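Shared between the two complexes below is chain A, which pairs with chain B and chain C, respectively.
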Partner chain A sequence: MDPIYLQLVVQGLAIGAIYGLVALGFVLIINAVNVVNFAQGEFLMLGGFVGLTFGVTLGMPYWAVLICTVMVFAVLGIVFDKIIYQPLRGGDFATHLIGTLAAALIIRNVAQHIWGPEARSYYEPFQQKIFEVDGVIINPQHLLILAMTVLLVGTLYYFLYRTGLGRLMRATAQDRDTARLLGVKVGSIATMAFAMSLTIGGVAGVVVAPLFLVDLNVGFMAGLKAFIATIIGGWGSIPGALLGGILVGLVEIFATHFFTASFKDPVAFGVLMLFLIVRPSGMFAERVGDKA
Partner chain B sequence: MRLLQLVALAFLICGLVNLLGLSAYTGSILIFASINILLCLGFYVIFGLTGILSLAHAAFMAIGAYTSGILSSTYGWPIPASVLAGTAAAALAGALLGIPTLRLKSHYLVLVTIAFGEVLRQMLINFEGLTGGLTGLAVAMPSPVEWFGVTINPGNRTVYLLICLLSIAVVVFALDRLRRSRVGHSFEAVRDDELAASVVGIDLTYTKILAFVISAALAGYGGALSAHFVGFISPDYFTFDITVLVLAMVVIGGKRSIVGVIIGALLLTFLPEALRSLQDWYPTFYGVLLLLTLWLAPYGIVGRLEQISFFRKLLAPRTAVIEPVEAARP
Partner chain C sequence: MINRRMILALSASVFLTNATHVALAEDKEAIIGVATAMTGTGAATGQQIAAGVKLAVDEVNASGGINGTKFKLLIEDDRTQPGGSVNAFNKLVSMEPAVIVGPTLTTFMLTLAPNIKRSEIPVFTTAQGAKVTEPETGGGWIFRAAPRIDTMIQSLIDYASKEIAPKKAAILYANDEWGKTGYEAFKKAGFKFDAVETFNFGDKDFSAQLLRLKSASPDAIVVWSSLPADAGLITNQLRQFLPTTKVICSNSCAVDEYYQLAKAGGEGVVTVAPWVPGLTPESDDWAKRLKASNASAVVSYTSAENYDGAMIAMKAIASVGDLDHGKIRDAILATKEYKGIVGTYSFDEKGDGLHGGTVVEWTNGVMKPVNAK
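And now, the complex of A and B:
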């Protein structure tokens, strides 16, 4: 096989993993409170800027940047839950959609005031040490993204399916009222879900930042692609979100290679339409029925 | 409301504007406010009346604006004809988007409509030969016409404003009739309970596509009107942010009422002008206003006003107010 294809696959996997991580943020919220958080993409953007502040302005080492980002976003998640989700709890789909869209507007605007409107470049922890294996050029940042994704997804999967707290979360998702009757504190479960979801988004923003410029407008498109990943993966499925993200990433990279970069978004949306027509329940449909 | 009253109102407003000798700036703001009202009325039909959250409004505007702009500038069509063609093109696009989204609900529908808007925007950028790509397209401005010996110059702001206001008068009249007609009731039935609506014999396919078509046509008309007023269009004017702005106007004013969406459009057009110093904070301002509306007044400003008996009589003098079914909440 031509090494160029292998290289494209590595790139596609890395981009796809980022979409997958953002999609995981969607899935967590969907599972806990059955709400689509349209501000999810903005946390990717925000993560990039927060990482920039810690890593470049304050000069922290990479591991410290990650830890600080996790802490900042956990707090933000709790705030988000308290002022965006909780007041609208019990509202219909459109109410939450409009509420989170409003939150996205505010987040982008505030970020613009803090960090300015220009796109910024981020330092690379690997200082451009690109290496070559059998003619395949590999950027270590791509590998870091993949490793980070595997780590986060593994932790999340373990948490949701192997711990008591995770079971409470899934129970709340399936039937909120019954879970409450059985003594689950559904309010705290929601808060926890938002904290975790934002943290994943923020960390994804930090690890992806060296690949692109840190830009105010990155959130909308990334959020949209991740949303596609969520749907083609299967609504609310963790492995589905990840695989869906990787599929979107691969499709995009190959579309860019075979056509031009301007065709990558239409092709990605084409895949979505195909899935919606052929298999609307996605790759990993967990439950049948109209959950929304 | 009667058509004649509305038309008289349009002439009255225009006459007042002319009498007061308002500046060119104020005239422009009034025209933009009128165009925003048309856009919001379109969004009202699909979201407020039929309950379908379709976020492709900016795309329909772009279709109307580009069709009219290209036909008038490149092919030399007279502007009234090109505006009509733009409206028709947007309506057709609305039908085409409506068909595949018939079976999709909530988040699936939202995603497909957003994706439609983004793909269309990138097509506008890519097909440079026709659309001028990223640099945009200069659009012909309206030229004077002579009807029965009277010269009318739509390039004049007051005349353009009158055209916009008369359009609003016709649309408001038509929508008010529609709302109280059989079709309007079937829209509301689909919104409140789709299954029940289909059980009583409402044709869901026809109803939903009709809602899409009306909504898209109004968006396309508004887009075309703004294109010929500004004289220039580019893909940057038709981003998702525009759709969100229209959504904000409709939600803040009151998504279930024609008067409500007009109030919302006026409010969010004039308030930023009054608060020039806050310019950099507009998105935050809209966002906070939206959140406050969702918290305090789910049916917008008009929804709150209707709870005061004086305003209730004023706002809905001849129709019985049917309260939406609250018990259906999960």
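And now, the complex of A and C:
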């Protein structure tokens, strides 16, 4: 293979893994409460700023930054559940769409108020070192993101399909009222799901910051692409989120290579349309009977 | 013989004449409106505009005004959306400002142009696209407190052609009016590109474009972006694939924010700066005053140019003594050899106040002026 194509595959995998990482946040909420959280992309942005504060302002080492970010976002997840999801929990799709979009705007503006509008750089932990294998340039940060995404996919898959709590979560998403009648604490399940989902988003923000900068504008487009990945991968499918993300990443990079950058987003959305027509349930569709 | 009717008629005509332009009573403040991005993707630059204008207004008011005229600052957020800039502008117009300071994005200024023409209010901008001050765009109501892009690009092209003289060159430019202006200017000047790539607003990964540019083996790459964040990301990623290629960049690279974002990628980058901070004691002093007034304000050519623009506008308003926009426009146009922070302003018939930039190279984190030999 021409090294340039191999390089494009490497870059596409890396960008795809980022979309997959954000898509995991979507998928977790879909699995737990069956709504789409359109503020998910903004947690990527917020994670970058929180990581920057711990790492640069407070001078913490990278591992401590990650631990502190997990703690902050777990708390934020509980807060998000209480003030955004719970008041709207009986609402339909449109209610949650508007509610979470409003939350996205609030998060963005609060972040601008706290950290200012300028983009910042945060290059821990590899200090921008790159290495070359057979003419293909590898960025260790890409490998970290890919490894983290694969690890999270495995962990979440195990949690949702092999643990009792995971099954309760999926049962709640499938039929909230029946789950409640059977004694499931549906409120706590939702709170836990938001805490986990925001934590994934926040940590994603920290690991993506060296590639995308810490920037107020990072969340919207990444969130949108991750949403496409969620649909392509299969609504609520954990492995689908990763593979959908990687497909979007590869499509984008090859569209830019073979056409121009102007075609990147139209081609990505074109692939989504194609999936919606040919295979509306996505790559890893689940039958309803398999859900719980 | 003057009878009562004649006195009434005379009084009425005087009243009507005055009604067309409100005289500045001693206790009345002239309004300086700012329509720019305080939120959204352009907020970083928009807040620099607001900070520059605010410092100018505060300093003038603190010193008792100009000829007794004091000024009031009104800021409207356009949320970095073209529709938002029209709303912000219209809202300011309804408050009867003496002068409006507009957005710095060329695309936004072109969107606003019909409203500016209709409102007949002098508008200052630092948008650098050549079209902005063409008479058919704003009808002569737009004034630029920044060098036109073509004059700036010319300095950069002169330097690049003589000193860098690439055998093979490539360009990566933003897929918008600003990017196209840069690309066309280089082409017009006879710069031959062996590879041409574009990027979209909001892109974060440029590897596909950079790999295509790399396959042309260029000695120099021109990066033409509007935002320092984009330029920072691009040059940072560029260094992974093309570690030694010379980078020539739009003036989005001529701010400290850019270097901080690009890290090692910024070193050696050649750009053109409307203003190089710290070259004169006046600019040093100004930077200190800006920071003292607002610790989070960014010292940049954008904040400095808008400070200068606001100062010129306020002097023009004070010299006219009322809010007749036509007279204010003439007074701004008559401004010659005004020594501002960025440089010396002399307005030409189109409304352009500054006429050139300084070619600089980032050396150890500092912009060093370089000249074509």
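Quick note on the criterion: the second predicted complex is superposed on the first by the 287 of 292 C-alpha atoms of A that agree within 3 Å, B and C clash if a C-alpha of one lies under 4 Å from a C-alpha of the other, contacts with A are read in each partner's own complex, and residues count from 1 in each chain.
Operating definition for what follows: a contact is a pair of C-beta atoms (placed from the backbone, for glycine too) under 8 Å apart; a residue touches a chain by one contact, two chains touch by 3 or more.
The shown structure was predicted, so the numbers you read here are calculated from the model rather than taken from an experiment.
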Worksheet item: After the chain A overlay, clash or fit between chain B and chain C?
Response: clash
Worksheet entry | chain B versus chain C as contact partner of A:Asp265, first or second or both or neither | both
Worksheet item: What is the contact status of A:Pro280 with respect to chain B (first) and chain C (second): first, second, both, or neither?
Response: first
Discussion item. Per the contact definition in the header, classify A:Ala64: touching chain B only (first), chain C only (second), both, or neither.
Written reply: neither
Practice prompt. Mind working out whether A:Val79 is in touch with chain B, chain C, both or neither, as first, second, both or neither?
Written response: neither
Worksheet item: Is A:Ala147 contacted by the first partner chain B, the second partner chain C, both or neither?
Response: neither
Practice prompt. Look at A:Leu8 in the shared chain and tell me whether it touches chain B only, chain C only, both, or neither; answer first, second, both or neither.
Written response: second
Practice prompt. Considering only touches as defined above, state whether A:Phe220 meets chain B (first), chain C (second), both or neither.
Written response: both
Worksheet item: Touch check for A:Phe93: first (chain B), second (chain C), both, or neither?
Response: first
Discussion item. By the touch definition at the top of the document, which applies to A:Asn139: first (chain B), second (chain C), both, or neither?
Written reply: second
Worksheet item: Residues on chain A in contact with chain B in one complex and with chain C in the other?
Response: 109, 112, 220-221, 262, 265
Worksheet, complete the sentence: Residue positions on chain C within touch of chain A in the complex are 39, 41, 43-44, 46-47, 175, 197-200, 202-205, 207-209, 211-212, 215, 228-229, 232-233, 236, 240-241, 257, 260-264, 296, 298
Fill in: Residues on chain A engaged by chain C in the complex (per definition of touch)
4, 7-8, 11, 15, 109, 112, 116-121, 123, 128, 130, 137, 139, 211-213, 215-218, 220-222, 252-254, 256-257, 260-262, 264-265
Response to the item:
chain A partner, complex, touching residues on chain B are 47, 53, 100, 103-108, 110-112, 114-115, 118-119, 122-123, 125-126, 240, 244, 247-248, 251, 280-284, 286-288, 290-291, 294-295, 298, 329
Worksheet item: What part of chain A is in contact with chain B in the complex they form?
Response: 36, 83-84, 87-88, 90-95, 97-99, 101-106, 108-110, 112-113, 220-221, 224, 227-228, 231, 262-263, 265-266, 269, 272-273, 276-277, 280, 290, 292
